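Some structures to go through are shown next.
Look for chain A in each of the two complexes below; its partner is chain B in the first and chain C in the second.
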Partner chain A sequence: MMNGLLYAVLTQTLTFLPLALGISISYTLMRATDMTLEGSFVLGAAIFARLATLGFSPYIAAFCALAAGSLAGVMVSFIQRGGRVDPLLAGVLATFILTSANLILMGRPNISLLSQATLVSSAFAQSDTLGWLSVAFYSIFFCMLGCALVATRFGLRLRALGDNPALLQRLGAPLERYRLLGFAFTNTLAAAAGMLTAQTVGYADINMGFGMTLTGIGAIILGQQVLRRILHSARFRVSAEFIACVIGVAMYFMALNGLLRLNIDPIYLKMLLGILLVIFLRTALRRSALAGGISI
Partner chain B sequence: MIAPLLQLQDVSLCLPNGGREILSHITYEVQRGDFVVILGSNGSGKSSLLKLLDRRYRATSGHLLLENKALGSFAARPFAQAVRTLTQDCHDSLFVSMSIFENYLLICEQFQARFHFIRRKHARLRLAAYLEPFNEKLANNLDQCVADLSGGEKQTLALALAVCYPPRILLLDEHTSALDPLTAERLLLLTRDVVAQHGMTCLMTTHDLVLAEGCGNRILALRNGRIYQTIEAVEKRALNQQQLLAACY
Partner chain C sequence: MRKLTYFFSVARFCAMLGLATLPLSVAAATPPTIGIIVPLAHKAMTEIVAGFSETLKQVYGKPVIIKVENAQNDPNLERSIILQMHANRYALVAPIGVDATEMTLASIHDQPVVSIASDLTDKARHALSTCNVAIVHDDLGPVTQMQFIHAVYPKLTHITLVHSAANKVFPDVAATIAAGKAVGITVDQRMAATLPELMTVADAMPENTQAIFVLKDSLIVSGVATLEKVAIQRRIPLITSDNGSVEAGAGFALGVHERDIGVEAAKLAAAILNGQAACTLPIVEMHHLTVFINQKVMQATGQSIAPVIAAATRAGYKIDKLAKPVGVSH
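The block that comes next holds the complex of A and B.
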């Protein structure tokens, strides 16, 4: 039973990880709660599923899904351009738009991929282990891409944008360009996670992204607090950000699968998960406050 | 005859939506190398004047000229290189969640020629050597997060970074007012040294008459958004604090 639980946690963490990293870049680095990410998650899945069922090569379908994700990021950055629309509202509006766009693209609320060729279908046909290794390869590839970006000078500017946009602007930096590129990249990661999820669960569903951003933010904060407790340091490191994502997401899926295995009625699932997350966060924050003087 | 570096011609500033006038018909010239101390009671318009010069506010009427060019006509990057501001809130001038070195790197990248690749190792050595005269502790802890520095260290770092690519005009808006007297004095000495060393033009607002007496070569006193008194270098040398108080407030 324990092996089954760990297996489920590992596989779900793998597919969720690019989205978690996207959320981490936008929330922790750019200090923006970009709700569009859950729309882009579905968009990635929807476009991949639609093109795969139309007979396109999985690579072309994957490329289009990623490109669509980045366009969603461009869209949200245009909505909030010049600070005219509140970033949170811009994300909600973009998600509204994407919900309809996803339905139009899919043509129906659910597309099955069980009989379609996907990026990982041939590996899964040979064995489950090979299939999941293939998923791990794609997931880690996208995450490494994300980490590499954060480690560059561009990543430094994204952090500066989140820290003190007014100063960055006074230094003559093109804020809107940074924001646009940042959101384009985070939404591409979200689309990558959506695409991988659709391929592993065998379908794309219009509701598959519901609540993902907030869940992801909760998981990331949890991961960061746990990691700070271990490292006794709040200093920014790309590797630490990534490990925090892994820890947070794994803990979230551990709680989710643990509750499912206890045969909890699905109606109570989100509520119980939310309460668990609150307890984890309160505990972690209280401990780090005691250790590092953070006020709560 | 050399044109003044900075010219304010009949400049007025009103609050948005027809609000009250903060600055009224200001006409003043600043020459290269001037150190102008701006005095005035709270609400007299000192900080607003600096915000106008920093383009955070836009004048309702009148002309602001930098080297005979309208201030608004400068592109963002050349303007940032020409005019730097330091306020009492050091969070205004620093990226506080980042390290000392990352702050320096961001400024270097903005002000270096495009496509000029900065080697991290060289930049670290350069920064350590540069910060040494400002504060040894800062120079030895380049990876320390700015948020963990004391108020005096943050303000010293802000000053050091503001002048690492010396601007033509340095605007100081009560930059020592949040510090204890000893740290404030030390920072002020540093400020005077770097301004003199780079031959920068400086405009500084303050309430401190000791500062006003010891710093700068000209005084501009404001009252209710208008110029109340201007004191030039020759007159200033002859005034003591009491006379300054009587003349400017």
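The block that comes next holds the complex of A and C.
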């Protein structure tokens, strides 16, 4: 039973992780709640599935999916350009556009990948373990690439864009360029997650991104709370942000799968999951506040 | 002393063997567990599940444990449910719908699957790395639908098809337009991706439309009352494709009893539990068609039920009158 639980948590965490990292960079570093990520998640899956079923090599399909994700980021950045449109509204508008775009690109709301050649299909054909190792490779590759970029001067400027854009402007760095690159980067990660998810669940679907951003935000905040409690430090570190994502996403899926295994009716599951996480967060917050002497 | 030691060794061996085989005997006595994956709470799903559960118990004849899990339209939850059913070695998994079937087949290769109401073809199931699925289709096809509408209203030339972006419905839209053309009906399509959009779509229907048509589309069926209002205002028929929508406010529909879909799926499940390979079982198509008529709505939209009954009788369909018209006593 425990093995089954760990297997479920691990496999679901792996495909969700690049999206969680994208959300984390956008939400924590750039201080933007980018709703476009939900659309880019589907876009990545849609482009990959469409091209794969048209007979393109999975590598070309993957490249196009990632490029499309970055273009979605560029689009939301253009909508926001010059602060003329509220960032949240820009994300919502971009999501509207992407909903139609995804449907047009797919040609139908659902594309099956069950018997298609994908990046991981040959590994899965040999064994499930090999298949998931292959998924893990791609997922960790995208996440490491993301972390490596955040650790550079580029990442530092993205933080400045979120924390103090006026300072970044005084330093002579073009705000709009960093906003554009930042969103392109986070949306590429979302597209990567969508693409990996489509390959592991066997289809791309127009509704597969539903609620993913909110779940992701919830998971990364959860992970950050836990990590701060362990480290007793709120200082930003790239590795800590990534670990927070891993912890948050794994805890979310652990809670979800754990409650299911307790034979709880799924009708009550979301409510119990919410209550469980609220209790956990309240406890974690109170203890860290007591330790740090902060009033809550 | 040696004999005593030997006796204890044999006794210990027997005890260990007994302990080791105990779980096996317990497992053998445990009835098989069947998992049904319901993508979201819906009346049609409840009917399918009821038909499945009751029929399986009758047809299989031995005790079974049936676990019904509702994924609440959440892909993460749906995946967790499937992985749990896989890990717990359920004897059979029965997903309802296209997404649930695809996700199940991507995750489960070594347990039999009965796909209910998906559009999986025979070719597609044989293309899988391990063919472990039996299939029940639930769609009649747009040609049958349009031919029946034409039989009811031979002078009808313009109809508006209201549909959502649901994966099951989308391929049928183009087929409906083509089928309409074949019988001299121009089909205008209007898409509502969400329920709030349905109100706008209903208000913006073409002026010359003579009827509203809805496919087996759970989102549109949820908002069928909105279309009913428009149909009453314009005095045009509201035609759908399932009994649930007729109960909720459509005039009439040619379809199947949802329960019957569950019944057919249960027969496949029983065959699999009795040892037949899932992939060798032929795909089940629903042939027993019923015309569901809501007499109250037909009256409110100014339509007579006589041509519907006449067309249904000619085609040999069963007729199911769901609500009495106003002013008619029981």
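The definition used in the following text is that the second predicted complex is superposed on the first by the 276 of 296 C-alpha atoms of A that agree within 3 Å, B and C clash if a C-alpha of one lies under 4 Å from a C-alpha of the other, contacts with A are read in each partner's own complex, and residues count from 1 in each chain.
In the analysis below, a contact is a pair of C-beta atoms (placed from the backbone, for glycine too) under 8 Å apart; a residue touches a chain by one contact, two chains touch by 3 or more.
Just so it is clear, the structure is predicted and the values come from calculations on it, not from any experiment.
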{"item": "First, second, both or neither for A:Asp34, with chain B first and chain C second", "value": "neither"}
{"item": "Contacts of A:Glu241 with chain B and chain C, given as first, second, both or neither", "value": "neither"}
{"item": "Partner chain(s) touched by A:Met208 [first = chain B, second = chain C, both, neither]", "value": "second"}
{"item": "Touched partner set for A:Ala8, first chain B, second chain C, both or neither", "value": "second"}
{"item": "Touched partner set for A:Arg261, first chain B, second chain C, both or neither", "value": "second"}
{"item": "First, second, both or neither for A:Arg153, with chain B first and chain C second", "value": "first"}
{"item": "Which of chain B and chain C A:Gln169 touches, first, second, both or neither", "value": "first"}
{"item": "Overlap of chain C and chain B interfaces on chain A (superposed complexes)", "value": "none"}
{"item": "Chain A-touching residues of chain B, taken from the complex the two chains share", "value": "54, 75-81, 85, 91-99, 102, 105-107, 109-111, 143, 145"}
{"item": "Chain C-touching residues of chain A, taken from the complex the two chains share", "value": "1, 3-5, 7-8, 11-12, 16, 99, 103, 108-110, 112-115, 124-125, 128, 200-203, 205-208, 210-211, 215, 253, 256-257, 260-261, 265-267, 269-270"}
{"item": "Residue numbers on chain A that touch chain B, as the complex places them", "value": "153, 156-157, 159-160, 162-164, 166-174, 234-236"}
{"item": "Chain A partner contacts - residues on chain C that touch it in the complex", "value": "41, 69-77, 79-81, 83-84, 86-88, 98-99, 102-103, 105-107, 109, 124, 127-129, 165-167, 170-171, 193"}
